[in-house]
Amino acid sequence: MIDVFSYVPAIVLLPFFSFLIALGVGKYLPKGGAFGGIAATAGSFLLSLWVLATVAGGEAANRTLYTWASAGGIGPTDVELSFGILVDPLSALMLVIVTLVSLLVHVFSLGYMNDEGETGLPRYYAGLGLFSASMLGFVVADNLLMAFMFFELVGLCSYLLIGFHFREPGPPSAAKKAFLVTRFGDYFFLIGVVAVIATFGTAQFAGTESFPALAEAALAGEGSVAWTPGGLELQTWLTVVGLLVLGGVVGKSAQFPLHTWLPDAMEGPTPVSALIHAATMVAAGVYLVARMYGFYALTPTTLAVIAFIGGFTALFAATMGVVKDELKQVLAYSTISQYGYMMLALGAGGYVAAVFHLTTHAFFKALLFLGAGAVIIAMHHNEDMWDMGGLKSKMPVTYYTFLAGSLALAGIFPFAGFWSKDEILYEALVHGLNDPLLLGGYLMGLLAVPVTAFYTFRMVFLTFHGEPRTETARDPESVRWNVKGPLTVLGVLAVVTGFINMVPVQKVLGLEGIDLLHLWLDNEWGGIEGLSSHHYGDIGPYSSGYLVGGEVGTVLVGAAVSLGLALTGLLVAWRLYNVPSPTEHTAKLGGIKDVLYNNYYLDELQVWLAYRTEDVAGGANTFDQGIIDGVVNGVSSVSLFGGSRVRRLQSGVVSQYATLLTLGLVALLLALGVTGGWFL
Amino acid sequence: MIEALIGFTFVAALLVLLAPDEWAGRLAFAFSLLPFVGSMYLWSGFDGAGNALTGGDIAYATQIEWLEVGGRTVSWFVGVDGISLPLVVLTTFLVPLAIVSAWTPIDARQSQFYGLMLFMEANLLGVFTALDFFLWFVFWEAVLVPMYFLIGIWGGPRRKYAAIKFFVYTNAASLLMFIGFMSLTFALGDSASSFALPEITGAIADGGLGTWFGISPDRIAMVAFLAMFLGFAVKVPIVPFHTWLPDAHVEAPTPVSVLLAGVLLKMGTYALLRFNFTMLPDQASALAIPIGAIAVISVIYGAMLALAQKDLKRIVAYSSVSSMGYVILGLIVFTEYGVGGATFQMVAHGLISGLMFMAVGVIYNATHTRMVGDMSGMADRMPVAVGIFVAGAFGYMGLPLMAGFAGEFFIFVGSFSAPALPYAPIFTALAMFGIVIVAGYLLSAMQSTLFGPFELETDYDVGPAPFHDVAPLAVLLVAIIVLGVAPDIFFEMIRDAAVPVVEGVTIDG
Amino acid sequence: MVNTLPQVAALLPVFLLAFTGLALLLVDTITPDARSNTSMAVVGALGSLAALAASVWLVVSGTGSADTGGAITLFAEAIKVDTMALFFTAIFASVTALVVVAAHDYFHDHESPAAFYSLVVFAATGMALLAAANSLAVLFVALEMVSLPSYVLVAYLKRNRGSVEAGMKYFLVGALSSAIFLFGISLVYAATGSLLLSDVAEGIGSLDGLAGVAGLGIVMIVGGVAFKTASVPFHFWAPEAYEGAPAPVSAFLSSASKAAGFVIAFRLFTEAFPVGASLAAGIDWVLAFGILAAVTMTLGNFAAAVQEEVKRMLAYSSIGHAGYVLIGVAALSQDGGANGAVMGAAMAHLLVYGFMNTGAFLFVAMAERWGVGRTFEDYAGLARRAPVASTAMAVFMFSLAGLPPFAGFFSKYFLFMGAIDNGFLWLAAFGAVNSVVSLYYYSRVVKALFIDDPASSSSLDAIDVRPTGLYAAVVFAAVATVLLLPGFGPVIETAEAAASALF
Amino acid sequence: MTAVASSIPPEWYLLLAAAVFCIGLFGVLTRSDALYFLMSVELMMNAANINFVAFALYYGDLTGQVFALFVIALAAAEVAIGIGIILVLYRNFGVTDVTVPTEMRW
């Protein structure tokens, strides 16, 4: 029996090699090295499936593979910094998702990039490869430091890919913004990592010596941590650490207030957007929280904050999505909003729900983006929905798959999104009944449901329904297999993924064993001690409360409400936009319209902050040149001036010399005479 | 072995000085490879353990009495330990690359230029290997001479001003340091009979300091510490003694900037570690808070200044000030990871800043301007060079798996919970914010110069950079990544030598 | 084997110099025309080199040193040959040799160069005698034997207004100073009743109520020393004399003559007026020298920093160096552990200074020979046309500034070190500040030679000749300046031994 | 020693010498003519001679007196050289006023 886990590094390295190949010899390869990437990701995908199967077979792995920095003292304790792999149900699942999406994106890129005659393809595929590699490395990371490192690399790749069209002014600045904003979040994350290492002497995720385990023990009074900053309550300190790490999550997962980079990131090629939003960069944040959920579950405050941020972001982003005109912009805001849901779930103790939504969202959001890509190809890279319309008949495959994705996004039964979103709201509700802050999160999440449905179908109708509004829309460019293939795969997944976790059905009909994901994440088929959803539930702060009719009743009510709201939103969109020639209705919003168009002026705010910082820098520079350097140069000029005075003594008249000489001698005589007391 | 290394480099400098200009560059490169091979040999056979100053086993040690003055012997005493060897390797590694990077820009009086470069290398090697104060001081001061010429003759428009400023400012600092060290030595009285650093360190550690002309030992130690600290602070440089650095960098030709930022700055931090923090650890920890504050200020203030610059070289120069702040932070916390990380950061920053200056130089060779406003879209014309530039910039921003991150992270981990530095977490967190600002200015600079549509103020037709311009960049990049992926190749020996330094300090309370 | 020789052999160098002087007069009378320039130079050079060899040999063989039976006294103790005397004789001889060799080219078109050589050599003889003087009488006579030829040498170019003006000023200030010096001696004689240094020392030990008289005398003697060493406030002659005099003469005065002044100080203030006794008698001449040292180095360096003419800058810089060397006397203290170290460092500095400063002035001589002009601007770009000489000049400048790898580095830093060792931190601090300033103006010369571009393409055409003698002297001085760094051991150890023997 | 000498206390000699010295110094400081300058210096030297002779008598040894003779000789030599220099000075500047030549200063 060969040990599959020893091949896990290969999952990471295969895309990395494709990166090297594409970068090195890509321009000599057909399709600019695309096939290398496809082969690599396909290989990783197959390996991931194998790993998944193995984990399902009850095995798991938590291994240290490589010592990065040998052991040394950091004051309170000694630490050793290492790399390793942690393969448990969660990471196995994530591996499959990432590799699959990345594979499909590679394939799709053949249509989107190569067929469109883009230049710099080797750079593109190299970027994709490195991107996948970094994300996979992040997924299998067995400790927080390694996770942070690959987290950062993911950021780099997003920078490279968003700024792919570097010859235009837009993409580079968008790339810069993406990196900077996430860097700002990562600043706190880095402090968090250092704090964790300093506090526990380890950054391991799993095992009895892992920092969640140590924290748990310490809080239970069964152990102690290596260090806490002067006189700080352990609980408080752990909360602080949790929030610090959360900074990185907020940045990467584009949560309020660090979400501003994501819409701009649409400057990147559409397949990249699909990759970023569905499976890699943005997902990384949420995945991180899930990965170290055993730690977060210990700090209720952090959980509440997460939940509230999540709920708020869900609603907040959804509202902005309502007024956007570009296809990808709408999707961008929908992404932010959806990740808000996941955060809500995590904050609400719905660990499984979050992972569930992460999974479904990965598929239907990838689907939507690729679909949007197909439309963009068809529309000759015009993204304005008001120039589209009536594409339904011209590109059926795209339409139906896109529709499936939209239904999932809107959370319409029985599509994938419904199940996951519904479970999130359910968790938030039952736990929120005993926790007002959480309940607030739930309500915001609930409010976001109709809005989501509305903008989703506004998008669908404007794009595919009604009369074509432009020439290109009348005669769109056709797309080939390499576009349709991925769409179909993802379309199917968007429909069926939900069935892996039909909790409501299970609860109502009492069918045991159909909530597969729950069982999966609960180590039903094996996993790693301390990383099961039950364990999280046990250490978590929440207790469940129910509405009328106990659990089942609550399930039904919750599901009904959310579905109802979704349908309402859908219908409004139908009424307004599913007409031959739809018109702008944003005017109805009045003043709010501008606010929404301008994203609540948050970008302006951040730009303003940036400029103020530059002003401060300018001030510092003036100070430096004027005062500090002025002093330095001042000293020299003063000395020279002194010299020019001194030399004047030398008047050139010899009898004055005689005089000065005599005076000097007399002065010396007096000095010594007085000190020596001769004249007494 | 070491004396052979240094001696050969001196001879090579002389030969190159006499060589005809046409092939002085090639000859210098050929010669400079030998010291590199030599340092590799030193590394391969390295058997040192512990810290050279605190009685550890010194590798390749030679001690020959030179002369006796004031009842104390001055000797030719060289050797390496885990702290100095990486810096020796760094020096011998950077010099050949710098020489190659000079082939394009240096078009006059080549033989003198390359001769002086090698002469400087020899002295730098001496600085990092000397274990006798006067021997060390000879090399330390001798570095100024070639630097003065290199900036003054081949520099930019304000080269004379920059050269004399560098020359006088750093020399003043050395004199201050000299007085401080001497009063320390003589306060030791008869408990030290030579100027050998290990002996002096040992004598101080054994409480050899006596009352000296009515001044109590503690006062002497503190005064000496301050004098030496100020002296080295100029060389490092630490805010507010940094103003010579931007001028020197901007005026110096690219290869000289490479060595200036890559190695010369490390002389200051190396000396701080050797003298202030190894010989007088208790004084250091007594001043932990002010020094920590200076470190943080250097980081943030330097980064802010870099943010305000328009000249690419100035940007990198100020960011060096910022990076040196990290090193100081790592030293003052007195933990293995802190001190080790600081030393590692010296090497890492040497490579990265070298790469950045070279990259800027390559662009300058093609465009004859370094002003951010004067160009854009360079990536369109010189893709490879720009690609490496970008990679290097990310290295500077502390991208994981590149050397810079390793150094900075070690320092942060080492300092965050350090007992020696009160409020360590706050200091560390503040210093960490540098990684955001550095990303800010480097990304902005890259966006406006490298990306966007190609434009250029000066009328030069820009093509891909010649091979011998790009090759050093590539080599450096590889080195940076290797060090970032496997920092232990240096960090282990560094840590081994840092342990005694850490144990040397007594933390009150 | 030295012991087998009669004791008087210890004066061999002095005799050699004296004979050389006489021989020069002889040669001059045999061939009294300008062509004799070469032969005179050869004779002078050989004579001074012989003296150098003799003194070095005597030092090496330990004549007069503590471990071979101590100093050799002759002529009823009026003469005392010890290591210090021989050490300084070596300095004088080597400087003389350099100057004589260089002068050959400098005076190539002078109508009567002959007298120059004999004057220089006689002055050197006086210096050598001065170094061995053990009685105030011999000391004064020897001093005048140094001074009188010097006046003439400065004014040697009698058709050159500068030279004459310089000579006049030097002479007047000199005459005044020697009068003061003499009166000081007379007062000391009045107070102690003897001119022999050892007896004077005893007298200082037992002054009853005559402390004032002795003190007055000692301060006046300090004045005389200050004149010879060109220290404040008796320095006024120096800038003019060095600027106006023929460059070789400036070299001679600023190196050898200055050293002679210091040998007086070292001799008198260790053997005639020992620190302990003087302080006990309330005569704190250490303080006096401290003040002089601080003021002198400050004035010299700061004034030098703002000069336009290289030669005058060197003149002021030589005042500044007088200030440094004065530390050797000013940093003495009663039973101070490092008295020998600091005075020895001062002697070593004078030796090194003899090479680097002489070399620098000889480079100026070469520039005057070329006729390129006197200011920094005129020196711009000389390195293009005269790389070897310019490199040598750069060596001198950096060495004077105290930078490695040149001998000036060690001598200066050991001097500061000695001061610190004896607890005179403030003197070391003064020295530090001043050497920073000096770095500025010395590097101005290097900048002019190597970095600046010539004023015009034709401005370098003046460099048409390669004066062999000057080149030889300059290069030799440069090589010595470099080699004295690795080879500093014997120098400093001899000097320290010599100095320690005095306490 | 003779009665006259012994009857006069040594302090008086000191005072006399000091007076002569100061007269000479006064001349040096006030007269700008080279020859007067020279003569004043002579006075100062002779003041020293007074001390030597007087205290030689006082201490009863001859060194002082002998040295005085040396000094006289040296003074003569000094004057000789002085005159020579004043001569070339007159040749070049046409004056014997020492305050006139001030081409070199600062």
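As written, the chains take the letters A, B, C and D, and residue 1 is the first residue of each chain.
The rule is simple: a residue touches a chain if its C-beta (ideal position, glycine included) is under 8 Å from a C-beta of that chain, and two chains touch if they have at least 3 such contacts.
Small disclaimer: the values here were computed from a predicted structure and weren't measured.
Colleague: Report the chain closest to the protein's overall CA mean, measuring from each chain's own CA mean.
Modeller: B
Colleague: So using the touch definition from the top, which pair is joined by more C-beta contacts, A-D or A-C?
Modeller: A-C
Colleague: Tell me which chain's centre, taken as the mean of its C-alpha atoms, is farthest from subunit C.
Modeller: Result for max centroid distance from subunit C is chain A.
Colleague: If you average the CA atoms of subunit A and of subunit D, how many Å lie between those two points?
Modeller: Averaging C-alpha atoms per chain gives centres 98 Å apart.
Colleague: Please report how many Å separate the Cα centroid of subunit A from that of subunit C, as a whole number.
Modeller: Whole-Å distance between the two chain centres: 78.
Colleague: How big is the gap, in whole Å, between where the Cα atoms of subunit A centre and where those of subunit B centre?
Modeller: For subunit A versus subunit B, the centre distance works out to 37 Å.
Colleague: So the centre of each chain is just the mean of its C-alpha atoms; given that, what is the distance between subunit C and subunit D in Å?
Modeller: 27
Colleague: Give me the residue numbers in subunit A that touch at least two other chains, ranges are fine.
Modeller: Residues 636, 647, 650, 652, 654, 658.
Colleague: Of all the residues in subunit C, which ones touch at least 2 other chains?
Modeller: 168-169, 172, 176, 180, 239-240, 440
Colleague: Residues touching two or more other chains, restricted to subunit D: which are they?
Modeller: Residues 28, 37, 98, 102-105 of subunit D each touch two or more of the other chains.
Colleague: Pairs of chains that touch, anyone?
Modeller: Going through each pair of chains, those in contact are A-B, A-C, A-D, B-C, C-D.
Colleague: Subunit D touches which residues of subunit A in the complex?
Modeller: So the residues of subunit A touching subunit D come out as 647-648, 650-655, 658-659, 662.
Colleague: Taking the complex as given, what residues does subunit C use to touch subunit D?
Modeller: 137, 140-141, 144, 148, 151-152, 155, 158-162, 164-169, 171-172, 175-176, 178-180, 182-183, 185-187, 189-190, 193-195, 213, 239-240, 243-244, 312
Colleague: Which part of subunit D faces subunit C closely enough to touch in the complex?
Modeller: 10, 14, 17, 21, 24, 28, 34, 37-38, 41, 44-45, 47-52, 54-55, 58-59, 61, 63-64, 66-67, 70-71, 74, 77-78, 81-82, 84-86, 88-89, 91-93, 98, 101-105
Colleague: Can you check the complex and tell me which residues of subunit B touch subunit A?
Modeller: 165, 168-169, 240, 243-244, 301, 304-305, 307-309, 333, 335-338, 340, 377, 379-380, 394, 397, 399-401, 405-406, 409-410, 412-414, 416-420, 424-425, 428-429, 432-433, 435-436, 439-440, 443-444, 447, 450-454, 486-488, 491-492, 495, 499, 502
Colleague: Spell out the residues on subunit A that touch subunit B in their complex, using ranges where they run on.
Modeller: Listed in rising order, the residues are 67-70, 72-76, 79, 81, 145, 148-150, 152-153, 156, 163, 166-169, 171-173, 176, 179-180, 183-184, 187, 190-191, 194-195, 197-199, 226-227, 229, 610, 613-614, 616-618, 620-621, 624, 628-629, 632-633, 636.
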